[in-house]
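The first chain written gets the first letter, and so on, giving A, B and C; residue counts start at 1 in each chain.
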Amino acid sequence: MRSLNATSLASIVSALGGDCIGSSELLISRITSLENAISSDISFLSSPKYASQFASSQAGCVIARRADWQTAKAAGFKGAGILTDDPYLYFAKLTQWWKRQTQLGGATTSLIHPTAVIGQRVQLGAEVQIGALCVVEDDAVIGARSILKPRVTLGSDCHVGEDCILHSGVVIGADGFGFASNKVTGEWVKIEQLGAVRIGSFVEIGANSCIDRGALEDTVLEDGVKLDNLIQIGHNVHIGKHTALAGCVGVAGSAKIGAHCTIGGGAVVLGHLSLADHVHISAASVVTRSIRKAGNYTGIFPLDDNASWEKNAVTLKQLHSLRDRIKKLENLRK
Amino acid sequence: MRSLNATSLASIVSALGGDCIGSSELLISRITSLENAISSDISFLSSPKYASQFASSQAGCVIARRADWQTAKAAGFKGAGILTDDPYLYFAKLTQWWKRQTQLGGATTSLIHPTAVIGQRVQLGAEVQIGALCVVEDDAVIGARSILKPRVTLGSDCHVGEDCILHSGVVIGADGFGFASNKVTGEWVKIEQLGAVRIGSFVEIGANSCIDRGALEDTVLEDGVKLDNLIQIGHNVHIGKHTALAGCVGVAGSAKIGAHCTIGGGAVVLGHLSLADHVHISAASVVTRSIRKAGNYTGIFPLDDNASWEKNAVTLKQLHSLRDRIKKLENLRK
Amino acid sequence: MRSLNATSLASIVSALGGDCIGSSELLISRITSLENAISSDISFLSSPKYASQFASSQAGCVIARRADWQTAKAAGFKGAGILTDDPYLYFAKLTQWWKRQTQLGGATTSLIHPTAVIGQRVQLGAEVQIGALCVVEDDAVIGARSILKPRVTLGSDCHVGEDCILHSGVVIGADGFGFASNKVTGEWVKIEQLGAVRIGSFVEIGANSCIDRGALEDTVLEDGVKLDNLIQIGHNVHIGKHTALAGCVGVAGSAKIGAHCTIGGGAVVLGHLSLADHVHISAASVVTRSIRKAGNYTGIFPLDDNASWEKNAVTLKQLHSLRDRIKKLENLRK
């Protein structure tokens, strides 16, 4: 990461709050892990289970909970502390503050890069940033402070809310995958996708992810949804507030995912299903039925060395008949 | 969706055929589901199993089969009807007609957008459209009426047939993944990919999908193939006519997929396999062997709540030894 | 593939070595398989198991091992030979030589295409090529002879080594997927990604693949790493030398993959895991734990016809209880 010009703990606490223990004059120039930190670094303890790292850490300052701070002192930790109820959340806010100080930026400093192609009747909110080589088609709407990184496509009629980030390569509003079969010729006849995409505020969409436009109604992502890279969202999908999808997830058409859900990387959600709020799907699992109840769900074939896998996989194809053989043995016992 | 200026049933039937029952003067301004329709909407009944929706539907007109129309009347449906043998196919054609009327369009109305980068000796058929910020490399060929949406790459020497649609972010003709291992150094030595990509007519390729060029011969997609978003087609793959692949599918090098196949989202087809015509692979299944016989094939680990999955997954690693234990018990019975 | 102006075996052997058996004046204009070759073609025998193809092959010349050449002669093969220890490696080098002769090229012949957008303080090595419509953000570094194909994004502060190839649509340095949960509101709070991406030399990255920048430290790909298309590499992943990943693989944040590994298409590696050197993961397998030992690992649900799969999948959900029933039967025997 880029170092800051050394900055005092006092200025951090003044911006982000928290109680400073030790010298608030201490100068910090980097954020790093407790393990790697030196005396000019600030670090954080996200969970008490990592508290053993205090003993050897050379960090100049640690962000910690009040309870863990006692552990730090007991372990002989020499640095200063910033005490707060949720150190990981504080760390997140610190990274945001840090970025503003260092002003990391892309190739574009202007609001609308001159190489971006903007269609007709496009509505842009205040302080919208559109990166180099983006395409914003006719009648698209982008809310205040939203950022399109370079090389994003926003299709016609699609709406993006306020404070969103669309990363490079994102495609919003390509046609949904809809065809009717001509039963006589076996050809696929295109169903024109007449809906659009509506994205709420504070939504972030990762690089090269795709959100298809709806067939008749719109595809919808509610406020605060976070999508990682290379995700496919089919037409007419609806994703509830503050739901997060990890990389390479595919959500088929018309699936309805609740609020505050998480879906692990590479998982697949089939079409026309409903997932309740607070449903958590493990990575690489396949959701083949609706889920009405909050909770954690998984379906992964366990990894094994090749030879063991092969034996078990072969036997798996006989599993149902094995069940019948057990039944038979049980009946013989009666 | 965008509303039409109200248009009469007569003009729809005049363009698309079908028998109009009731007032052909009725004015329609939207297509929507039977459930949500109001009196200025047209809807459709794709299957008799949804016929119960007739009772409460306020649709101004429904596209239906003759047999289902009786059900509609019996259920007290008040609207008009367009009777046809295949309502879903009629609906598809209606969406096409609708789009032409509303002239939804992207940022580009010119045929070749001025920001597109076109190489040397490129051959373009009549009425080809190339969107903003596309790259068409040297010696590429694009057939009549094909459309490259914004930000598509078409590589050198690659051919696209007539009436194709390539969505935003598509990459045709990147190098196939070919390396020889230098057994002495452990390094990978690049095998230059000297083939190209040949795409037939009426092919549609979804956003951010990739079709690699062949190593020596070409990678081939035959007429009428439909690919969804984020699909990877390896070098020297051959896909037969009217086969459709859903989002996030990966097809490894030199696989040969027949005609009229469907492959569900997130499925993987390994390299050098052959699939017969009319093979249907379920979503997220992994095709590890050639399939000689038409039919439906699946391989998905069933989703379960976390705790149940964990117990079953652990036991799965002992499955082969469980089989042996059953065998032993059976032998003891003899 | 593009034919060469006929070129003599002598010129090939002079460039690439090997012992020429038969007329070195023979003119060659194409590389192709033994099966399809005609007398003006050169072919290769990568493994003795394909030696039966010699009998009917019309190839003008074959690249073969000394031992296999005897088989060729015994089978009545009439063509010339180039004898070498590793014919497949020789073939790879021949494709490279061939490409240089035919000078296949993209739309761009200039080193930096005029439509590319280059940020401030970017450092470019000798003979770097940047294709049309690329974006290279501020402070990025690209080593000598590396090639960015059209429509690549290289983010700020990211480093690419020498002799690399980044294919069309690649995104290097988008933000890693990092959020802290605000436990009070249920909202995700962005953790700014302050690290960058460091890519070694001789790395190739396939179309539309994404390498995220690190949260605090950098994401690292060592020398000789080869990535296929549509691959997702999360923040702070570290991939060792000469490791190759096939298409559609997802590697979650902070995973550490050793050197000389291979990961099959569509596989998923979960976050914070370590894989030893020389680990080989089968396609579509999910790596849920660290692997300390070199070897081959697999976890795929076997494909079956739909009806069989359904019966076995249902039974799989009872597998743990089946184990208990077997145990019970065994105890009854005692």
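Note that a contact is a pair of C-beta atoms (placed from the backbone, for glycine too) under 8 Å apart; a residue touches a chain by one contact, two chains touch by 3 or more.
A quick note: this is a predicted structure, and the numbers were derived from the prediction, not measured.
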Copy-to-copy rotation for subunit B and subunit C - C-alpha atoms, rounded to a multiple of 5°: 120
Same vs different contact residues, subunit A with subunit C, by half of numbers used: different
Chain centre separation in whole Å, for subunit C relative to subunit A (CA means): 26
Subunit A residues counted as touching two or more neighbouring chains: 115, 133, 151, 169, 208, 230, 248, 266, 300-302, 304, 314, 316, 318-319, 322, 326, 329
Interfacial residue positions of subunit C with respect to subunit B in the complex: 1-2, 31-33, 86, 88-89, 91-93, 95-96, 98-99, 102, 104-107, 113, 115, 131-133, 149-151, 165, 167-169, 202, 204, 206-208, 224, 226, 228-230, 241-242, 244, 246-248, 260, 265-266, 283-284, 300-306, 309-310, 313-314, 316-320, 322-323, 326, 329-330, 333
Of all residues in subunit A, those that touch subunit B in their complex: 115, 117-120, 133, 135-138, 151, 153, 155-157, 169, 171, 174-175, 177-183, 186-196, 208, 210, 212, 214-217, 230, 232, 234, 248, 250, 252, 266, 268, 270, 281-282, 285-289, 295-302, 304, 308, 311-312, 314-316, 318-319, 322, 325-326, 329, 332
